[in-house]
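In the two assemblies presented below, chain A is common to both, partnered first by chain B and then by chain C.
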Partner chain A sequence: MSLLRRHAGEIATILVVAASLLIPRFTDDPLPISLANQILIAITAAFSVYLMLRMNLLTFAVPAFMAIGGYAAAIAGLQGGVTDAIALTALSFVAPAIVALPIGVLVLRLRGVYFVLVTFVLSEIVQLVLFETPQLTGGSNGLVGMPSTTAFGIELADNASVLVLTAAVALAAALVTALVTSLCRQHFAAIEENEPLAQSLGLVVWHYKVLGFVVAAGLAGMAGFSLVNMLLTAHPTSFGPGSSVNYIAYTIVGGRTSILGPVLGSALLVTLTNLFSNQGQYSQGLYGLLIVVVVLVARGGIVGTAMALVRRVGGLRPATAHLATGTAAPRGT
Partner chain B sequence: MTSFVTATLIGVSLGAQYALLALGFTLIFGILGVVNFAHGGFYVLGGYAAYWFVSAAGLPYPLAVVLATLVTGILGYLFELLLIERLVDDHLATLMLTLGLYLMLSTGILITFGPESPLFEFPLNGTLRAGPFYFPIANLVVLAVCLLAILGVYALIFRTDLGRALRALADDRQVAAAQGLRPRLLFPLAFALACGLAGMTGALVTPILSLAPHVGDPVLATSFLIVILGGLGSIGGATVAAFLVGLVEAYSSVYLGGSKGALALFVLVLIILVVRPSGLFGRIAREA
Partner chain C sequence: MLIVEGLDVRYGGITALRGVSVRVDEGETVLLVGANGAGKSSLINAVIGTVPSVAGFVRFQGRDLGGMTVDRRARAGIGYSPEGRRVFASMSVLDNVLAGAFGVGRQRQREAWDWLCSVFPILAERQAQPAGQLSGGQQQIVAFARAMASFPPLLLLDEPFLGLAPVWIKNISDAIRALQARGTTILMTEQMARPALKLATRGYVMRGGEVRREGPVGVIRDVALAEEYL
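Up next, the complex of A and B:
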């Protein structure tokens, strides 16, 4: 029972994402299908931010790894003729993870601000590389004309089956995120709470940080594959360095203390952005406002605040409550 | 030869602008330990404020630059006093706060002035001719003002009591506070100084380059680049690195084309961050 409660967020997330597989059964209206596609891609990418925030590391590199995953899948389809969805998903996870490994080993010995700056610079580099390598990536034209993805020999070409694939990728990402954050829950929490103490107690901190970074890169790559598959093109503008802010906003606003945070945050913010579709450029201001509000008054975001309310009303035992929500308390230097 | 001299001049002018921007950025990091993601936003705000003072209020351009500097400085002061101050020791929280402010600031500008670039021209045009070389007067004036401002910042930081107090806070906040310096009074001032510098650069430079709501993004990226190259928090390092980056950008756009120069700089920065986080020139000015 306590195991179930401790993993309530993970279970709920997996159920919600799995349920989205069924959306095409209820509607074939392109609008909700497109919205669901966007939300699921946002969730997949936001898991990447969430995983890093578990260790109190903020990453701006999500678009960089999305680009690596998305382009890897596109190139495999175009030049290698690979169309199998499972192979492409695996490739989009592995390719950015391999790139992330040496970077992580070198960078994660540094702390806080330096890591943030490295990820920021990384996004800029990948964007420039995309433009400067036209033979491989098509440069400013991007890559088009990938063969349709197939699953078990069935072609996934229409709207509904693209959504099913996006949902399946998001589900895989949710399972990976839940698995890693559950297995390393205490290690990540120790790093987040008090890194020097964790280190002094014998935790090889940078091993776990590198593990988290590599998996987070892979998750972002899967989101990149879903995005390329939905848009039918791999283009540098899909992976602009500025878009990293969106994924951070989804995670922070939804709540960084639970895996449900990125899910709720993505669903809410992507829907809102679509609502004022013809004023879409103003959505950034809304994200900014929400980030400021969350940082100043509601550290746990939507999920954290809701859980704090539930705890206050229901009066859970403090120890369990602390485990269930993680920690949202501001910390000193 | 002609193109080399012209590129050098462009590089030095870019370097002077970048130095002003990077000085503000590195001051905030060195003194407060805050990575200011809103720095590019204050640059854009300075440009638009000067544009508004000239076009809507009908003021002469030099006065508009001064007022734009004041406006951005005051906004920076309030921002530090009201928001950053609450969380000043939490790097991640202040980083996200400034990020949120940047998004709000650029959206506010977008709503107020629209997405189109307004017509905002430097009041002086014409070129100075020396043999085969042509120098646009506007660029020379901006270069001179930027160099003066850099000297001013140096004088302020290294020759006045305020500067000594700020450097003391950057070196060791607890000891400085024990000596009677008050962070609560000085932090907003430092933030105002840095934001004012960004706003002034925007007011000076956007009439020559371009003014649009989104021009803050590359400014932020360049500030990062320079500050990392020079060593986070180091004032001298930032100044040297700014001119280095300006010259590399100018030469590479003349001789290489495309974004190869920028790519080379970013890769250099990544390598520096990994193997020598204290920057090209020096010591770690502040533990991150």
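Up next, the complex of A and C:
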């Protein structure tokens, strides 16, 4: 029972994402299908941000790894003739994960703002590489004309089956995220709260950080594959460094303390962006503003605030309990 | 078991330790007495590796700890209970204690938890509660149990009695006796030396980053009395 309660967020997330597989049964209107596609891709990418935030690491590298995953799948389709959806999904996870491993070993020694800066630079570098290697990536033309993906020999070409694939990839990403954050729950929590203390207790902090970074890169790569598959093209502009702000906004607005956060945040913000699509050019500025407001007013985001409300209404814990966090002790040397 | 020889530690331009030599033999409980700024915590931090030393060496069970990372020293068998009861406030009591046994198998974690609950019944009562919600004394128990969760041969206690009510001082003292009965070697620091003197076998008096006196607990008591630590 306590196991169920502890993993309530994970279970709800997996059920919600799995349910999205059924959307094409209810509608074939291209607008809701396109919206669902965008939301599910956003969720997959936001999982990457969420996983890193569990260790108090803010990453701007999501577009970089999305690009690596997306281009790896596109190149495999174009040059290798690979069309199997499962193989391409696996490739889009593994390729960025392999790239992330040595980078992680190098940069995860950096703390706080230095790590953030390096991840941002990484997105810029990947963007540059995409433009400067036209033989491989098509340069500013991008890659087009990939063969349609197939699953068990069935061609996934129409709108509905593209959505089913996107949903299946998002489901796989949800399962991976839930698995990793559950297995490393205590370790991530200790690193998030007090890294030096965790280390002094014998935790090999950088092992977990590298693990998280590599998996987060893989998750982003899966999102990149879904995006390329939906757009039928791999293009540098899909992976602009500025888009990293969006994925961070989805996660922080939704709530960084639960895996449901990136799901709700993505659904809400992508829907809103579509509603106000004629002002789309302002969306990144508005997202930035939204992050500032959420961090100032409701640090837990939507999910965290909702949980705090439930707790207060349910009276599960006395309101003063949070104040009893121990007195500050004078420092000896 | 622990040999510190000629240790120098500097923070920027400030010398925190100068030529400090301390030894702790197997099964002993050794007390470091001194005022604020005497260098007690610097010595503990140099042993666990969070503070680099510029001269001298630290040897634990015959191994030189120089160049070893913080986590490797902990895994080598040095338990540490930080001053100021630093618990993971948002984590449950159970998770806090198990955090002290990272890298230890599930079976041994279970055993450690059961033993710790028999010594500190409060742990079992509050196991699901976030540690940040506990009182100061209870948090000290959690930090304590966490340091013990891997049954380290050497336990470093930094100011375990600081700011605690008398009832908790007695409770912690009982707990330290239970650890002594298990054969745990202990190095503890204390400004408020009176309760700690009842537990220790030997001690060192520190001032200005140097060891001023060492000897059996009776000698330390006299020095501490003269220098008004009691």
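What to note about this one:
Just so we're on the same page, the second predicted complex is superposed on the first by the 315 of 333 C-alpha atoms of A that agree within 3 Å, B and C clash if a C-alpha of one lies under 4 Å from a C-alpha of the other, contacts with A are read in each partner's own complex, and residues count from 1 in each chain.
As a convention for this text, a contact is a pair of C-beta atoms (placed from the backbone, for glycine too) under 8 Å apart; a residue touches a chain by one contact, two chains touch by 3 or more.
Keep in mind that this is a model prediction, so the values were computed, not measured.
In the superposed pair of complexes, A:193 makes contact with chain C only, with no contact to chain B. Once chain A of one complex is fitted onto chain A of the other, the partner contacts of A:276 are absent, as it touches neither chain B nor chain C.
Once chain A of one complex is fitted onto chain A of the other, the partner contacts of A:124 are limited to chain B, with no touch recorded for chain C.
Here chain B and chain C are compared by how many residues of chain A each touches, and B touches more.
Contact with chain C, but none with chain B, is seen for A:203 once the two complexes are overlaid on the shared chain. Once both structures are placed on chain A, chain A residues 330-333 are touched by chain B and, in the other complex, by chain C. If you check the complex, the residues on chain B that touch chain A are 29, 35, 83, 86-87, 89-93, 95-97, 99-108, 110-111, 115, 217, 221, 224-225, 228, 232, 258-260, 262-263, 266-267, 269-270, 273-275, 277, 288. Across the interface of their complex, chain A is touched by residues 16, 36-42, 48-50, 69-71, 74-75, 80, 82-91, 95, 98-100, 102-103, 128, 132-136, 139, 146-147, 150, 158-159, 162-163, 189, 191 of chain C.
Of all residues in chain A, only 2, 186-187, 189-190, 193-194, 196-205, 317, 321-322, 324-333 touch chain C in the complex they form. Only residues 56, 58, 103, 106-107, 110-114, 116-118, 120-122, 124-125, 128-129, 131-132, 241-242, 245, 248, 252, 281-282, 284-292, 295-296, 330-333 of chain A touch chain B when the two sit together in their complex.
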